[in-house]
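Reading through the structure tokens given below for one structure.
Chain nomenclature is as follows: A, B, C and D, assigned in order of appearance, with residue numbering initiated at 1 for each chain independently.
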Amino acid sequence: MINKVVQTMDEAVSGIPDGATVMIGGFGSGIPYNLIAALHRQGAKELTVIAVNATTMNRTDIGFLEREGRIKTLISQAGDGRYPGIPQGTMVERIRAGGAGVPAFYTPTGVGTLLAEGKEHRDFNGRTYLLETALTADYALIPAWRADTFGNLQFEYTQRTINPTMARAANQTIVEVEEMVEGGELDPSFIHCPGVFVSQVVKIPPEPEGFHGRPLNIAGVPTRSRLGTRGV
Amino acid sequence: MTTEAEKPKLAREEILLRTILDFQEGWLVNLGSGLPSYIANYCSPERNVVFHAENGVVGMGRMATREEVNINLTNALAQHILLVPGASIIDHVDSFALVRSGRLSATVMGAYHVASNRDFANVSRDPNVGGSGGGAMDMARNAQRVFIVMEHVSSEGQPKLLKRCTLPLTCPGVVTRVFTDLGVFDFGEDCFVIKEIAPGWTVDEVRALSEGDIVAAPDLKEIDLKALHEAIASDG
Amino acid sequence: MINKVVQTMDEAVSGIPDGATVMIGGFGSGIPYNLIAALHRQGAKELTVIAVNATTMNRTDIGFLEREGRIKTLISQAGDGRYPGIPQGTMVERIRAGGAGVPAFYTPTGVGTLLAEGKEHRDFNGRTYLLETALTADYALIPAWRADTFGNLQFEYTQRTINPTMARAANQTIVEVEEMVEGGELDPSFIHCPGVFVSQVVKIPPEPEGFHGRPLNIAGVPTRSRLGTRGV
Amino acid sequence: MTTEAEKPKLAREEILLRTILDFQEGWLVNLGSGLPSYIANYCSPERNVVFHAENGVVGMGRMATREEVNINLTNALAQHILLVPGASIIDHVDSFALVRSGRLSATVMGAYHVASNRDFANVSRDPNVGGSGGGAMDMARNAQRVFIVMEHVSSEGQPKLLKRCTLPLTCPGVVTRVFTDLGVFDFGEDCFVIKEIAPGWTVDEVRALSEGDIVAAPDLKEIDLKALHEAIASDG
């Protein structure tokens, strides 16, 4: 297997060109703060950003990219007047379809709403559905809890969200991780995202590189509460 | 809109407590943003109701205290939460697969408007600009029951129980029951049926704060706040 | 959470009526031998069986059900002259769609073959796809490696296959497990199938109830080889 | 079909060894049933090729010995296997999602027929009855390269490299390269281009055992069996 480790966030995002389509992971938790900050420093513009989480833009640093005009198109689940919005379940299923070689699928969600206008409606077994199409990307930026050097990933709790799915939907996936272990040390039965979907993995440094000094963890509180045995 | 200011309505907490009483053992319930997200704080695990958060939690517990925070454990609103014993984490896609396939016994969410034809609106306050409401459309379209939890009138004093919604719909024709600070409402033929009423209020007084038709249920009863607090307290 | 434990395989399958649609899990490994044997004893007939694994029928005991005329319709990935066959990837995606509330989706697989005849063809971005519809069931019978009493499941290695997906696509899911632990003992981040998708869970007894004395494990060889750490 | 019986062809193992030489570092390769499933036995981990089994293995290793058997670890043919360090297990759905989304660098499978228009057939020996070929249609339609590994003629002595397939197609127009016991074949304009030939064989002799047109590559060379064995042996 190939070693996917790179040393810095800046190196990891250095290849992202102007005009790229970039998926940015997380929702509530599971947001790749360090990679977003590195992408900000890197300077790429005219980006198409696909992020479920962009409702909380001010908190994710995607907002910084946007306010500087670096985002040409934002595809996100929540509309804000400028973007039409996508039902969240439809959005995540579209990303899943992108990584599953499914170009389009039908969903019941949104029928009878403004978001259904102009969409293909079709009945199956007496119920009406909308046609929705897949989303893919050139790059995905995601965090993980633990990686091995081959890029096999594990997520902790709701850090998972859309992240393993984006890894499958993007051509190249760049991962920031809290812990790194040697290749082969993770239990094969309990890997959330195989390394074949990962291009590069970077360990988050002890002093986070967070944009504008943003702390990775909330100061003064433990970063972990253990609510069950982990694995065996 | 006469006696409104003078009479006590249900407190927000009491609306939640009343909603919890409708949950049955074994139910899987999604809690929406705002008021409903606090329901897990009040509902004891002994009720055997499993709470779902659409970011991928099956078995959501109460909000975390500052000492309990784990940055990798939140609900869909990024509020730090705990899990109940037996909880499991699924990914975001799987979480909405669960929703779309009709596994939710109920979804509980707020609304700007609920209409007597069971339509409701909570995605946008602008009549001309729609929105997705996050996962609200998914939950509303696909859950077995749609429970709306809200104050009876808007902060501007406007009625929210309407004949027809004038804001962009979240989903047409799906609301099962509405819990407000004035009562509990089911639906009849293009009307609301008030099943329970806030203590001290009359149906006509509720009608005055509503636009949609309100019919009194034959077995209309007053909400017993004392019993409500006791029922929930016994959970703990 | 609800305790899902029942004591015997026979009790677990007792409610399956004539005419039911039953998914039977596994592919190569991950086959619920004990539940299939119990279904055989139970006597239900006119069954519609959905099984990816039915190519290896003689080895799975689905063959016994079939030879006795208990199966009205078999939906499986491999045709044998009597059944038309479904591409394996299409079959598993159809089951996934069933558990995902997706009534239909498009796939590139099968275009230009006999299996595409009569199917809706549609182009997306210049490539041709076939429309395929969801599969659901009344019951799913699956094995798992470890369960807690709430029905949360973990699978070992390729025991997983289609099993967690069938649990999501069926109305009721019955599980035979190698190990049982108390509710809450499994790490929430590493559960392959949440208990909300499980109706009943039965521990495989020390002496397996396998049909016709079939051993659950291969006699004389270790049943486990450990090739990595499990979890943490 | 004159000299066939007298001249040695490549042994089955040698066909596999030759196929392995085409794999490049970092490739993800699905191994089909029959002959290809043994490729992982011969290909050393140092080649950094990751083998996929469609039942959900990413990082398949060699076949297990009797002492190494775990009933919960097989390939798609129910053959007991081992994993290589860094392997991971995915579910069946995810495994074909990987296939359909074009992640496979190559798929290696057998065939009854391969045609000079890159069609191939391996789902049914009955011209009138189709079949799914298990996951073959998924792999063939969606992999970046389709490598066919087979004996050059059928057990009945019939040619398998044809002008057009007469058995139900697995997939039209996708074959990248064919490895037989007589040579390595690419494709030209409705013809096979023989790139490498079994030691001692002439192109005309290979043509005599083929139905489709065979064109000799300008750089046609004889397969060096000694070098082949050495290259693979050095893996170990």
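Definition applied: a contact is a pair of C-beta atoms (placed from the backbone, for glycine too) under 8 Å apart; a residue touches a chain by one contact, two chains touch by 3 or more.
Just so it is clear, the structure is predicted and the values come from calculations on it, not from any experiment.
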{"item": "Chain hops separating subunit D from subunit A, counting only touching neighbours", "value": "1"}
{"item": "Subunit C reached from subunit B - shortest hop count over touching chains", "value": "1"}
{"item": "CA centroid of subunit C to CA centroid of subunit D, Å", "value": "30"}
{"item": "Whole-Å gap separating subunit A and subunit C, where each centre is the average of the chain's CA atoms", "value": "31"}
{"item": "Distance between chain centroids, defined by C-alpha means - subunit B, subunit D (Å)", "value": "58"}
{"item": "Sites on subunit D at which at least two other chains make contact", "value": "83, 85, 87, 89-90, 97, 99-100, 142"}
{"item": "Shared-contact residues (touching 2 or more other chains) in subunit A", "value": "93, 100-102, 107-108, 155-157, 160, 184, 186, 188-189, 227-228"}
{"item": "Interchain contacts, given as pairs of chains that touch", "value": "A-B, A-C, A-D, B-C, C-D"}
{"item": "Residues of subunit B defined as touching subunit A within the complex", "value": "53-57, 64, 66-79, 82-83, 85, 87, 89-93, 95-97, 99-100, 123-124, 126, 129-138, 141-142, 168-173"}
{"item": "Subunit A - residues contacting subunit B, complex", "value": "27-30, 52, 55-56, 59, 77-81, 84-93, 95-96, 107-115, 145, 155-165, 192, 216-218, 221-225, 227-228"}
{"item": "Touch list for subunit C against partner subunit A, complex", "value": "93, 97, 100-108, 122, 124-125, 127, 129, 133, 154-157, 160, 184-190, 227-232"}
{"item": "Residues on subunit A engaged by subunit D in the complex (per definition of touch)", "value": "1-2, 98-102, 148, 150, 152, 168-169, 183-184, 186, 188-189, 191, 194-197"}
{"item": "Residue ranges of subunit B touching subunit C (in the complex, touch as defined)", "value": "25-26, 28, 45, 48, 50, 58-59, 83-90, 94, 97-103, 142"}
